[in-house]
Amino acid sequence: MTGTMTDAMTAAAVETTLHPLPVVVVLVSLLAGLAIAVLGEQRQRLRTVLNLSAAVVKLALVLWIALLVAGGVVPEFRFALVPGFDLVLRADSLSVLFASLSAALWLVTTVYAIAYLQHYANRARFFGYFSICVTATMGIAMAGNLLTFFVFYELLTLATWPLVVHTGSRAALRAGRTYLQFTLGGSALFLIGLIWLYALAGPQDFIAGGSLQLLDLEAVTSMQAIFVLIAIGMGVKAALVPLHAWLPSAMVAPAPVSALLHAVAVVKAGAFGLVRLVEDVYGSALSGALGLSLALAIAASFTIVYGSVLALLQTDLKKRLAYSTVSQVSYIALGIAIGGPLATVGGMVHLVHQGVMKITMFFCAGIFATLLGVTRIVELDGLARRLPWSAAAFSVAALGMIGLPPMAGFVSKWYLGSGAVAMGQTWVVAVLVASTLLNAGYFLPLIARMWFRPAPERWTGGAQPSRWVVAGLVAPALATAGLTIAFGVLAGSTYSPLDWAIAIVREYLP
Amino acid sequence: MTIGVLVDLMLALALVGLSLRVVTGRALFRDIVLFILFGLVIALSWSRLGAPDLALAEAAIGAGLTGALMLMAYRRLVAGGAEDVAPRRRPPLLAVPVAVLTGALVALIGLAALGVERVPDAAGTIVLEELGASGLGNAVTAVLLVFRGLDTMLEMAVLLVALLGAWAVLGEVHPGRLHQVDRRTPLVGALLTTVAPVTLLIAVHLLLAGTDAPGGAFQAGAVLTGCGVLLVLTGTVRPRAAAGLATKLLVIAGLAAFVMIGASAVALGRAPMSLPGTWAVYLIETAMMLSIAVTMTLLFARARALEPERA
Amino acid sequence: MTTEALALLVFAPLVAGLVVIAAPRRAAAPVAVAALLTLPFGLWPLTLVVWRGETVQVALAGFAPPLGIVWRVDALALTMLWLTLVVVLVVSLHALTSFPPASESGQRFWPLWLILIASVHALFVSADLFNLYVTLELVTLAGVAMIAIGGKPAAMRAAMRYLLLGLMASLFYLLATALLYGQTGTLDLYQVGERLDDGALALIALALMVTGLLVKAAIVPLHVWLPAAHGKAPGPVSAVLSALVVKVALYILIRLWFWSGGAAGGDGAALLLGLLGALAIVHGSLAAITQTRLKMLVAYSTVAQLGYVMLLFPLASTAAFRAVTFHMVAHGVAKAAMFLAAANLLHALGSDRLQRLVGADQRHGVNVLAFALAGVSIMGLPPSGGFVAKWMLLEAAWRQQGWGWVAVISLGSLLAAVYVFRVVALAFAQPKGGSVRASVGARGGGRFDTTALAALLLAVLAILLGFASAPLVALIDRGLPPGMLP
Amino acid sequence: MSSAFVYVLAASAVFGVGVYGLIVADHLMRKLLSLNVMGSAVFVLILTVGGATPAGPDPVAQALILTGIVIAVAATAFALALIVRMFQETGLTSLRGRDDDD
């Protein structure tokens, strides 16, 4: 399982270097977003060029950073944001994991979105905020302390809201309102937790293994309370039950937005935040000692089962996918909460794996809706005959979600399960089994309907877009489906997400 | 108890009584007249307190000008159909608590004011010691123009802003003729031919005297305003809706003189607002007097400019 | 050098105002612009000196207090002067279009505008209680006159109410000044502070003065004049009233309290002021939420935001002073942007009823964006100047275990989010009969003229302030009240 | 009992009367009269608490009052213009009722 890179990373002494790259990688999409917004609605071709080139440049920059980090360099940039507390942008190995996921999926989502929104109004605004959204995600990935994280976390809220309400319909505005109620409420608690932590321990950079120490016993309650406050702030975006209610209603947004929300940006930002909180602020040892890991594990487990059950009850395709996200994202939190090398690897690698799988499914759901007018599960019958490639991509992702080898999802679940056993938390295995059964219960019928049911005589609706548009929609789905397989099959090779996750965990748990 | 204190007591009682009537009465016209009376009683109080400068100013500005402005506004309201006598209404619910609170306020202010103990080195004492440095004989004028010239300059700005504000509020409204008085009637003719030159003389005297004796630009300006009001009321000058250059220059003269002299001191390497000599005091005071008179007359006529009536 | 600089700040706009009154119309624009462009040259030398930790003092006419008046520029005054400069320059850019200097409306607007700028400068640098009274009257009267410029009945009524309450407040202030002069024999703010004991007289005088200033600063429940006055005024006037003119009274209040022995009022009085602030935050925000007109909503937001400043009095720490000063700057910039954007939308849509905003984003996107960006700062969300201010204020409150203040500050942010997003959501909403699909020839973004540019410029500044807090905080730290340590 | 004592008490009372009128009175002109009454009271107080020098009342206090009187009359003139114009536009001489227009 271990590749050469892992060894190189642990061998080289990690050194922090002042470097503009973390800022540049954040600014690329911000500038692109502003340029797109300023250019206006009519400059369609220029906008497309800007969108794509920014995405490509960003991916290249992230790869550059990945190479630096693999070489043992930690590029960092900092300046005082508020008195006594710096804005720190630093690319450590965990940053790279999330940043490369975001950059890669942003590229494919951009392609998809350009095709999908061919006839939508206000595309300049859409792509402007779309880019700012990725800016925020990148900032979250590069954040070197909780304050910086918070800044970009809020920027993400602000940038995604216009995307959620993009169509301006009543339903969209209602969903937007729900979204804000949850996220801003959560961020108020987050901020209080942050202030409290700052008052208690001063400005703390993210450090592998955590920077906090239990100074005295009186601080125990405070530290637990701070953890809970911040975890609620993260949990809202990570859709931890009962903070998840905004996610299904946000499904009114255009498909690329859903894809982004569920796979790269919002939900993942929350999960990533939980990882940072447990691993880099408290440290998994302290989290465990304070009983916080167990609490998080229970919350995550409950979310996993509850989300799956609700997914099973949905008749609308996107709703079912949404509840599936609620369930699946909590795998990440669960892995971190269990602790120990194996489960931590499982949680971290799922950050990437869930992303590629879920984005595939949302791409496909968007294709079904656009080309055939299919939004409900009963309408999927025989769909594979009309759209075999999309159906195949969807099926691959769904099987991966269930955890079927050799897809990516299997790798995650394997590490989580064996990690739980290794830590003596066997009850987690029961959760995983239950979840897998439920996953199968709500995904397999879809696959069955698509491939084995007869097609209706005519499809209810949908547009007849040009071949280029269809290609622009299907190619991203195929690409991410391909990644789903590749990340599973090639999990053992160098530079695979799993390899990278193992390298990270070596840093944390030497 | 001396006679003086008895007079003081009577004046004080008059003040309180008049103010009560002015504030709570129902007949507006009568109460404006009572307010003018109130102003005159204040002027008397000033002279009782040994402040003739203030007595002059109060009589001319506080009572005279303010009263004239009030009466003019009242006339416009009534001409527009407003009621003079307010309908008898039940006093509003908050009257009682407000009365109680203001009662408490009065007690507090009285308590504080009576508790004041003058320090020996108060600014006023130092002014008298340093009067020589100002080159003026009247300490009040010295404070106004030399020691605290900034206040006076900004006060001219207040006056200008009030006029600009009134112009802004008036919009394009043409002021129209104020009053039909036939100035060929003997009485009015006499008034114009004698009173106008006399007020002018008084004004100039007050201005010149002000550097050493009671008087100064404010009082002179107020007296001159009286002359202007008279000209407007008799229809000798007619309000106009557009200001000409001359009017504008007169209106800004006071502030402009102050600004020019105050700022040029900086250019000459001295502290801002330093006056180069007694001539500057005369210059500023003359400009101020003209500005005050023209501005107040224009405010009285609700006009932007005045022009002689053509037969 | 500093004397000339200081004189320039007061005299340049004053002279320009006089020239605009008397000169031909076509000269108005160049004269006004020239005067405005000299202001940075006045501010810069002062900044250099204050940055070194010194205080600029200029005795007017060469007479030191108690005989004369001094202009005194410390870091607090300089901070407010910088706020004034930024707001005034950008709002003037707006006014050049919304009140063309050569037009009839411009001829009314520009002299008042220039005199207002001069008087705000004169006020911030004044260290004399009576001179502050005169400048305060000047600022108020100019403000009232500019509210009434539009000539609409509602604006007139608002101006009237503002004028009456403003004059009353000034008389309270003046009465207190008289008492203080009688007792101390000086009008100099700092000498008064040195000479005053904390007897009953001082308490009564301070109470009167604070009452007057609270009216001028529109602190709940003495705020009744503000919403209509700011809400019905022309755009640039609303902007500068909310950004600067109400702050002026708070500035004097802070000066009085921390530099001139006002704290003699004791903890009880400080707590009372803080509670009024908390009330302002809650009441102003709730009222903003229930408004049906955009500009009234923004005006009530000002009522709420002013409340945060009052929290300085009970907290009374270095951290709180930093936070509140920063807040005044951040709010000033953001609120000016918000009012300009709101006025532009009102101008474009013909009304500022909130219902009219539906779909506004499609045709007036720049103004909606400016409103939203400014809203980010008003809500105190990162990254923005408002966030830095709220962060510092929360931290200050937290360190003193002021849990109630923490709760109020957080609540205020959440309520602000409700009213800001309510507006933006309406602008994003789909008009009836419209469709999600693009209509042929629809232009995004909207017309981009200087009025929109001014709003956007201030809004972007409000955001950037969140990244450039360090120099501003460093400046504020150079002028902490006596007894506070950096 | 000195003159100053008498005038201090009177001025305090007159100030209170003015505040009462400003709040309770309905007609705008009466509110304005109340303000002027308040103002006069403040001016008397300035002089009386300003104390006396051998050469009469404190000259600084007198100068402040003179400045104050001019400011008061300027503000009054402007307020009257506003009242008259408001009356012409709305037919109202008070601030009762709602502020709303389009």
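Per-chain residue numbering starts at 1, and chain names A, B, C and D are given in the order in which the chains are listed.
Definition applied: contacts are C-beta pairs under 8 Å (C-beta built on N, C-alpha and C of every residue); 3 or more make two chains touch, one makes a residue touch a chain.
Please read these numbers as outputs of a predicted model, since none were measured by experiment.
Ranking B-C and A-C by contacting C-beta pairs places B-C first.
Between the Cα centres of chain B and chain C there is a gap of 32 Å.
Averaged Cα coordinates give chain A a centre that lies 42 Å from the centre of chain C. Centroids built from CA atoms put chain B at 74 Å from chain A.
Centre-to-centre spacing of chain A and chain D amounts to 67 Å, using the average Cα coordinate of each chain. Each of residues 130, 134, 137, 141, 144-145, 148, 151, 156, 175, 179, 181-183, 187 in chain C touches at least two other chains. Within chain D, contacts with two or more other chains are made by residues 15, 19, 32, 45, 49-51, 60-61, 64, 67, 71, 74-75, 78, 82-83, 85. Taken chain by chain, the contacts fit none of the simple shapes, being neither an open path, a ring, a star, nor a full set of pairwise contacts. Residues 108-109, 111-113, 115-127, 130, 146-151, 154-155, 157-158, 160-162, 164-165, 167-169, 171-172, 245, 248-249, 251-252, 255-256, 259, 262-263, 265-266, 270-275 of chain B are the ones that touch chain C when the two sit in their complex. For chain B in complex with chain D, the touching residues are 1, 4-5, 8-9, 11-13, 15-16, 19-20, 22-25, 28, 31-32, 35, 38-39, 42, 45-46, 48-51, 53-54, 57-58, 61-62, 65-66, 69-70, 72-74, 76-77, 80-82, 86, 89, 91-92, 94-95, 98-99, 102-103, 105-107, 109-110, 113-114, 116, 118, 122-125, 127-128, 139-140, 142-144, 147-148, 151-152, 155, 158-159, 161-163, 165-166, 169-171, 173, 216, 218, 292, 296, 299-300, 302. The touching residues of chain A, counted against chain C in their complex, run 37-38, 40-42, 79-83, 87, 119-125, 150-151, 154-155, 157-158, 161-162, 165-169, 173, 176-177, 180, 184-185, 187-188, 191-192, 195-196, 198-199.
The touching residues of chain C, when paired with chain B in their complex, are 3-4, 6-7, 10-11, 14-15, 18, 21-22, 58-63, 65-69, 104, 108, 111-112, 115, 118-119, 122, 130-131, 134-135, 137-138, 141-142, 144-146, 148-149, 151, 156, 175, 179, 181-187, 195, 199-201, 204-205, 207-208. The touching residues of chain D, when paired with chain B in their complex, are 1-21, 23-27, 29-30, 32-34, 36-37, 40-41, 43-45, 47-67, 69-78, 80-85, 87-88, 91, 93.
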